[in-house]
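The next block holds one structure in the form of structure tokens; read it before the comments.
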Amino acid sequence: MNKPVVVRHVEQPPADAVAALETYGVSTVHEAQGRCGLLASYMRPIYPGASIAGAAVTVSLPPGDNLMIHVAVEMCQPTNILVVAPTSPCTDGYFGELLATSLRSRGVKGLVIEAGVRDVAPLTQMKFPVWSRAVCSQGTVKATLGSVNIPITCAGALIDPGDVIVADDDGVVVVKRAAAREVAAASEQRVRKEEKTREQLARGELGLDIYGLRAKIKELGLEYR
Amino acid sequence: MNKPVVVRHVEQPPADAVAALETYGVSTVHEAQGRCGLLASYMRPIYPGASIAGAAVTVSLPPGDNLMIHVAVEMCQPTNILVVAPTSPCTDGYFGELLATSLRSRGVKGLVIEAGVRDVAPLTQMKFPVWSRAVCSQGTVKATLGSVNIPITCAGALIDPGDVIVADDDGVVVVKRAAAREVAAASEQRVRKEEKTREQLARGELGLDIYGLRAKIKELGLEYR
Amino acid sequence: MNKPVVVRHVEQPPADAVAALETYGVSTVHEAQGRCGLLASYMRPIYPGASIAGAAVTVSLPPGDNLMIHVAVEMCQPTNILVVAPTSPCTDGYFGELLATSLRSRGVKGLVIEAGVRDVAPLTQMKFPVWSRAVCSQGTVKATLGSVNIPITCAGALIDPGDVIVADDDGVVVVKRAAAREVAAASEQRVRKEEKTREQLARGELGLDIYGLRAKIKELGLEYR
Amino acid sequence: MNKPVVVRHVEQPPADAVAALETYGVSTVHEAQGRCGLLASYMRPIYPGASIAGAAVTVSLPPGDNLMIHVAVEMCQPTNILVVAPTSPCTDGYFGELLATSLRSRGVKGLVIEAGVRDVAPLTQMKFPVWSRAVCSQGTVKATLGSVNIPITCAGALIDPGDVIVADDDGVVVVKRAAAREVAAASEQRVRKEEKTREQLARGELGLDIYGLRAKIKELGLEYR
Amino acid sequence: MNKPVVVRHVEQPPADAVAALETYGVSTVHEAQGRCGLLASYMRPIYPGASIAGAAVTVSLPPGDNLMIHVAVEMCQPTNILVVAPTSPCTDGYFGELLATSLRSRGVKGLVIEAGVRDVAPLTQMKFPVWSRAVCSQGTVKATLGSVNIPITCAGALIDPGDVIVADDDGVVVVKRAAAREVAAASEQRVRKEEKTREQLARGELGLDIYGLRAKIKELGLEYR
Amino acid sequence: MNKPVVVRHVEQPPADAVAALETYGVSTVHEAQGRCGLLASYMRPIYPGASIAGAAVTVSLPPGDNLMIHVAVEMCQPTNILVVAPTSPCTDGYFGELLATSLRSRGVKGLVIEAGVRDVAPLTQMKFPVWSRAVCSQGTVKATLGSVNIPITCAGALIDPGDVIVADDDGVVVVKRAAAREVAAASEQRVRKEEKTREQLARGELGLDIYGLRAKIKELGLEYR
């Protein structure tokens, strides 16, 4: 019922939407799509400042075994992001500089892995961004199958192959492939609206007034002393 | 018995004491006041190198709801630090770039929040320091009241409004308002004493001799082989 | 049966092996010695970029009491690394700038501590590297004995005095003293082999082919759709 | 894009399959369906010995707000299991004796909640089983909407309304509605096979022989000394 | 500024209020006093079924050192509850069967400790209830002072000596001494009201109707499909 | 350097010492041997009330792979205890009812595993005691070698094959094989001494007097108010 499988063909999200989503960043995109799709906050970047978006190539694999990452590399296309989740919690270092070199040669933008990563210093130097649950030198074996490009749950979020992954210093969010354009548009709207609000706040106006909250707190019965 | 309330007037600590405390840093101040008032070590800065002190504006609010932060902004004065604690554990991103812009326009120095924060990259760029329990894009609603400027427990420490918050790369410590001058003086003493000790240690003298520990370890029966 | 003791003489590992191990880094050394000796992944550097190796001076001490660190300083020789483990979990800041000054005056290269550290900003400025479980200002007393230079368990790894500690951004690994030369040689081999693999991968060759994994996944029955 | 919604009609799994799955227990069912669908191991029963299966009524709600549980009660049918996940981590006690009384009056078998529960003693007495992430008295408000009977992610597993939940002392597993009969059959097969194996093992036969592992460990090169 | 001290005289809460609070249990009392005073949910009973209330004798002590518990025993009166918090996180077993025997001889009802406890089997047998953060055999020294009967923060809650502690399977809550009668009365009211609600719910009425939530969810815009 | 190996012959501890150690329990034995050898407090029994001692058969194995447990069964003798540690953190359910049946048929007393276990209800029913880090249904593969009867680190403690494991509701402690008789004797002494102390405490005498602590707290300068 759960046979290991590699799905070769994955429908890709529209490139313009992916490019747009990359410019908005995680928090804006997450808000713009109605606050869904966020990965758990233990997914942290290995160095600050990276900000990427790309279509997911998904990998489900056993704890302590990275055979399927090698299988997945071949499925990757330029601008993809590799998304890896073990079938049970594991902090092993599934991924390091060599696999990053391999992914980079195929144009892959980065890695999201609900497990460990190693070679943090070289990865930082080559600016290959990784969001992971842990940093850990512990290597893995190559003994057991898993699957590539099937729907997976990663850090609490459901990710289908071809979904758009957006990742920056705030964390990682997934946008369903079919909604990419719509979410990009909603993000653009949000950014424009926030620009105006930012100016108001910078001038000293209060959120209480801008968002019309004074009536609400009065109705709720807040007492000022 | 626990009615939501906003206390408008908060007695401020002496400005000279606050300024002095900022120069000593968390570990010195914590030692100088007798090792009390330290917040739990899971409170971490979102970027390294910030070091601030200021009077606390306190906020108690529900999980997943930042309405009271908006209320609190209006209560903030220049050099204040906003201190926020949810009534139960929550990692949501209650605070981001827009609220930081608002606080900055009022001269607030930074934020201490026993919850999540988002927009880490913009906050780092604008050098608005935050000490938080988590980084998380998950937004909050504005539906339920809490209180501003009441005594709160934040990361295990009791904080009254008007207490001095000192925060740097080592964490966060609270100094009771009434003790601010005394603690500043004790910190100054400690710093001077440590300068001398540092010179001795740099020359190769041992703590065992400087602190007179040889007699103690002998009395306790330490065996050298 | 467990009397506090300080062992004065510790056999040192060969200096050339230590120097070599420092150049390879944690992940390579860990692999080269057969994937043993890794400390738990919660041991993190206080700033990025440090990479050291040295012979361990070990300290076993009670929670909240750093008396034995002062005792241990006297036992340290140039190029040593101090390795500290409390007898039960503790996040207190056992160590700060003054102790670092003292260790540096003796030529010690760094600290590995399964507990807390403080004065992170000054330690970063003086480039004294520390790998710790926590950053915490909470000071310690000097009331109870422990032991120096006995075998200890630190972050899940057994460390004998005189073992080689290798630490970098990936974490910390221990190499048994007697195996230092052999592990250095195996690391060198591994590095050379990886250089060639890196070139192949950079050219676009796949790990599947380089490591001969295609036969294996076929035999295991992986299905491509 | 993520509008709060209550879906009234949920297709139910075949009653015979649900009844069968209840008899096999979590570990058998999880194995039988190919090791998928397991909720994270932090989901623990509030008392030992309960073992249930039923169709899921799913609830997605905000942290600290149980309004939607009240909405969900009305959607529950006999033999259902309520499955609740907050949109961000929360340990509040969303659920207690009164809600259990309400669910029981509708024939609901139990609760699975990735958050806190309270009234543990009365719930134990009335034998209303709950699997939760925490036990916590902290109550919740009723201020913000969420959704009922939409697909949710609970403790890392994707759960659609109408899926079969199986829960016992080992934890919680979800069986997709459409696969319920097939998984029940596979569980039955597994149980029968294990009965035979159990007898062999009880007689002193070894797994090494029963599962034919001796050839494998020889091929892998295991050395006996 | 933080001199170790033992306060001999502690004003006790009214005995009738304490007795009443014991009958209501933690969740009811916590609600009745406006949802404050709850200790963190990691405070768990060592065996199920205990339910007590009593006036707090507070102890602040160093990690790994239980000297002050011995000092505190002498300060205990019949029906008191000992409340212990280390100055930094510690899981050591500060307390076991012997100290329980000593406390019982003085009529003390139980222990609340934000640290470890040991001798769980004998404590269960003698029915001496303990709420702790951990179970751990690791013993402690008796080398360093702390304080007895000063205000402490325990598991995130502020506890003054003489406050009423209520503890059961749901956790631990503190009621301020001065509010004990008022909270007992409010708890009584709550219990009576809940009895009626329970009957309604048992009959099949819905919380949506009993609490008048239908108007609210309509106003908030919940959509039924 | 770290070749998978099974050591057939393990020197056993004296049976009388093992039997004696079983009667004293973990906390007494841990104290009697000088407070060493305790496993981390996250090792918990799957049901309360079990209390065993036996010689360790050790297993080191990969995350998510229980092949070596099957290999280890054959190495077990009556009264042994199986001790299992993965090479990196893992909560998978490596062990269940079938393996317990197999171990029981060989007279093995129980299991200590720094990972997950499943079939908790059947294991409780057959009274096969297990101390584990987690309860989890997630099964394991049988693909990769590890070692049996080599020295391992389990939950922070170093365990050699043939060491005595003592486990009860307080946790797990290891006694070195060569010290078993000595520790049993020291435990007996401790128990006798504690019996007398218990009687004194039950009569109302204070630890302050029995242990002669009054002079110490006076000398340390404790102030009574």
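Read from first to last, the chains carry the letters A, B, C, D, E and F; within each, the first residue is number 1.
The definition used in the following text is that contacts are C-beta pairs under 8 Å (C-beta built on N, C-alpha and C of every residue); 3 or more make two chains touch, one makes a residue touch a chain.
Predicted model, so just to flag it, every value in this text is computed and none were measured.
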Chain labels contacting subunit A and also subunit F: C, D
Interface composition of copies subunit C and subunit E: same or different, split at half: same
Geometric centre distance via CA averages, subunit C-subunit A, whole Å: 31
Subunit B and subunit D: spacing of chain centres that average the CA atoms, whole Å: 42
Residue list for subunit B, restricted to those that touch at least two other chains: 3, 35, 38, 87-89, 91, 136, 138, 144
Touching chain combinations (by label order): A-B, A-C, A-D, A-F, B-C, B-D, B-E, C-E, C-F, D-E, D-F, E-F
Residues on subunit C engaged by subunit E in the complex (per definition of touch): 62-65, 87-92, 136, 138, 141, 143-144
Residues of subunit E that touch subunit D when the two form their complex: 25-27, 30-31, 35, 38, 41, 44, 48-49, 51, 168-171, 173, 194, 197-198, 201-204, 206-208, 211, 213, 216-217, 220-225
Subunit C partner contacts - residues on subunit F that touch it in the complex: 1-3, 33-36, 40, 87, 89, 151, 153, 156-158, 179, 182-183, 186
Subunit B residues within the subunit A interface of the complex: 3-8, 47, 67, 70-71, 73-74, 91, 93, 96-99, 101-102, 104-106, 116, 118-121, 124, 134-139, 142, 144-145
